[in-house]
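By written order: A, B and C. Residues from 1 in each chain.
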Amino acid sequence: MASLSVAEVAAACGGRVVGDGDRRLVGVRSLEGAGADMLSFVSEEPALPRAAVSAAGAFLARSASALLGRTVIEVLDPSAALILVLRLFHPARIPRPGIHVTAVVDAGTFVDPSAEIGPYAVVGDLSRVEANAIVGAHTVIGARCRVGAGSWLHPHVVLYDDVVLGERVEIHSGAVLGGDGFGYATTEKGLVKIPQVGGVTIGDDVEIGANTCIDRAALETTSVGAGTKIDDLVMLGHNVRLGRHDVLCAQVGIAGSAVIGDGVVLGGQVGVAGHITVGNGVKVQAQSGIGADVPDGEALHGTPAFAYRAYQKSHIEFRRLPETARLVRRLAEKAGLLKGAGE
Amino acid sequence: MASLSVAEVAAACGGRVVGDGDRRLVGVRSLEGAGADMLSFVSEEPALPRAAVSAAGAFLARSASALLGRTVIEVLDPSAALILVLRLFHPARIPRPGIHVTAVVDAGTFVDPSAEIGPYAVVGDLSRVEANAIVGAHTVIGARCRVGAGSWLHPHVVLYDDVVLGERVEIHSGAVLGGDGFGYATTEKGLVKIPQVGGVTIGDDVEIGANTCIDRAALETTSVGAGTKIDDLVMLGHNVRLGRHDVLCAQVGIAGSAVIGDGVVLGGQVGVAGHITVGNGVKVQAQSGIGADVPDGEALHGTPAFAYRAYQKSHIEFRRLPETARLVRRLAEKAGLLKGAGE
Amino acid sequence: MASLSVAEVAAACGGRVVGDGDRRLVGVRSLEGAGADMLSFVSEEPALPRAAVSAAGAFLARSASALLGRTVIEVLDPSAALILVLRLFHPARIPRPGIHVTAVVDAGTFVDPSAEIGPYAVVGDLSRVEANAIVGAHTVIGARCRVGAGSWLHPHVVLYDDVVLGERVEIHSGAVLGGDGFGYATTEKGLVKIPQVGGVTIGDDVEIGANTCIDRAALETTSVGAGTKIDDLVMLGHNVRLGRHDVLCAQVGIAGSAVIGDGVVLGGQVGVAGHITVGNGVKVQAQSGIGADVPDGEALHGTPAFAYRAYQKSHIEFRRLPETARLVRRLAEKAGLLKGAGE
């Protein structure tokens, strides 16, 4: 690992050195994990006592005043500075231009000369891999796809036909985009598949987690808005439309044709029913189930979900319910509405 | 995209043209998405007002009478006709016979000459790939497997050893069939793996979604009945037996040795406990948990699940529970059963 | 399948033959599935009536006394003996030493001569594959990884950079270890990714199911303790620390930075919130949600989860809640607290 001076790190993140600018640093760790050759950070005031006992060689912090005698890089926004410093020690992966000799690239495919196609990748007819994109080892791309400039498909991603990615899209291993939607007609001979002939469209700056599945639309396109972040093992059914800057935690499932607004946050394992609309800025607690339209700005919990605070109150009473019910039966007995069924 | 006349489309689905049979169509879209060169469809009467304002060039519908002045292909069953028409514009993928030069096929493997083995596929010893089957790029098939006639394994499917597929089975990317069941013996040294030496058997006309996992049996076989449809990210534990014509929505999990009847519908994220029996025709709401045997024909909701309608009623009261409990405490106080603990 | 005599099977598991030691056996099946050339087993007394009517040729059992006239291999612990016998009929897969001609192995990689690297595997720079390890077909391993001695990666596993596996680790197909954690800073331009530069560390004797995802840490390492068993489609967020000998059933999700003790059992689809601590020996019912710290030894159910028995009681009252609430309203009406709103 390369070593950098505190002064060099400060320069990279626009910070001001208080203390020893010549101290050498080899990386970044948490307050508990950092040693004398490591930088750590204090994002918020409550972390200061942990910083005081940290062995870190230097800190990113808003102010050095609470860390007397320590080397501090003062910055206005430690979180933003942390990103810059991490990139300094761990530069972003850049493409190694060219098509690996083992890759199978269709004659009708466009691959920008600056793009990288990894070992055993397969790219189908009429697809485009734009400038500085990376297609990882073993990734399979169907026909008529587009991998936008600066996008990065990790190893073992699958794009079926007609999947269009914006710029700077990052997709993790095992994700499958464009698999058939789950649509069947009920007939006398059982379920008959409705051909799923639509596509998938992913906006700029979207990140998609490992083993996540985004099904193709029946006719039009399943879409994810720009800036949206999707964690691992998430499922988007056919014709789902996600907004911009949404956050979908791991194992969320959204059924077909649901429409999700902008700035929505869905906790882990949340389920959303098909054909409903979730408004902008909605926040949903983990494991909740959304079964009906939700207006903008709501905070929800439970299955079926309702207002977060009301759910908390109901759940407190749910825990007391055996006691409450016993009381009801005693009262009813006393009032002659129940005959000795008190317990 | 090929263009077809309304009359040609009508002929393909046994429909009757009302209006302009020479109009050219290039595809099918929803009522909202269709333009003048597109066909759309009215499956049910409530969609008629949306059809009236649709820009579609023509419609599939039961009757033209409510669409005066528009070009309509009258059919008895618009859903069934839609499938035929979609197949007209988007013919089913047919195998490109032969084994790709990069595929690794064991000497003891049978591959029908009409079957297609894609780039980088690996097929193990004593396995059979029957007529017109497609084995997608990067798909790995173990030993002693069978891929039935007309089956289609998309890229990146994995079959461990001893996985037997019926005819016309479709498996989407990332699905893993035959992974070891989750079985351990508790010993003084910790958990010791019980070898999982059974197999997996999949009936005819089954479809299996992306990244779904079906574990091999401990001794016998995990099985899925004919015509059953399984969505993405579903988990079937070892020794599970699914019936025929079941529908398992995304992210369902069924624990080991559960037996599921025919015509069962499990909503998204439903969990089923191990070693229980779920009867024929049972319907389970999304996110529910089935912890005990279920008789035929039940409709269930909740965790642990009970009758759907009863659950709805209990949930309504759950929302009102803080208010109800407050009332109980006031009553109890009034009756001298509680001392001033009213709120 | 090889055939073995009852006496040979008994010798392999330290058992005593009662009956016909020369009888030939070709495998092991359940009591219902076994034929005359098959061994079955009676792990616990309640299974004896099913054994009495089984067609099995011989049994593993604690005692022959309840199986008069049948051939029995008497053993002290039938479950432990079963494992030995299964390994006799189905020997553990041993590595076929060498690197497949199609594998892409970086020049800076160490591969022990006894290890097996399968077709189309890719192994990155500075990684180590230790003695007797198996790297399955299509498995992709990044840079600076270690695959410990005797470990087995099935086909289509992905290890990103900096993933370190102990000895005898088994990882099933489609699992992804080291994908980026889900961490973003909120800025005026939307969410900005926090580089995830930590690693993943897996202890000895861990098994990881198909399509499971274990994300790399932000800075340090996501870790799984020795002897822990993880089923399919499980999600571990960044910086999670799992203890030793834990059991995580399918589709469990654990959010970032949660710390799980030793000997913990999480039922299927359980969710655990981030940044909390779950004590040793905690058992959690399927589908529950853990939202706060849990002391050692608790048994929990529900979302948010609380004590298992208390949850059972609350749930019983939840089912009766419409009736109870009706009673409350009648009482309130009678007491003049409600005006005729009884139903």
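Quick note on the criterion: contacts are C-beta pairs under 8 Å (C-beta built on N, C-alpha and C of every residue); 3 or more make two chains touch, one makes a residue touch a chain.
If you're wondering where the values come from, they're calculated on a predicted model, not measured in any experiment.
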{"item": "Residue-number overlap at the chain B/chain C interface, same or different (half cut)", "value": "different"}
{"item": "Chain A onto chain C, rotation angle from CA fit, given as a multiple of 5 degrees", "value": "120"}
{"item": "Distance from the mean Cα position of chain C to that of chain B, given in whole angstrom", "value": "25"}
{"item": "Shared-contact residues (touching 2 or more other chains) in chain C", "value": "102, 120, 138, 156, 174, 211, 233, 251, 269, 287, 318, 321, 324, 328, 331"}
{"item": "In the complex, chain B residues that touch chain A", "value": "27-30, 33, 79-80, 82-83, 86-87, 89-90, 92, 102, 119-120, 136-138, 154-156, 170, 172-174, 205, 207, 209-211, 227, 229, 231-233, 244-245, 247, 249-251, 268-269, 286-287, 315, 318-319, 321-322, 324-325, 328-329, 331-332, 335, 337-338"}
{"item": "Chain A - residues contacting chain B, complex", "value": "102, 104, 120, 122, 138, 140, 156, 158, 160, 174, 176, 179-180, 182, 184-185, 187, 190-195, 197, 211, 213, 215, 219-220, 233, 235, 237, 251, 253, 255, 269, 271, 273, 287, 289, 291, 303-304, 306, 310, 313-314, 316-318, 320-321, 324, 327-328, 330-331, 334"}
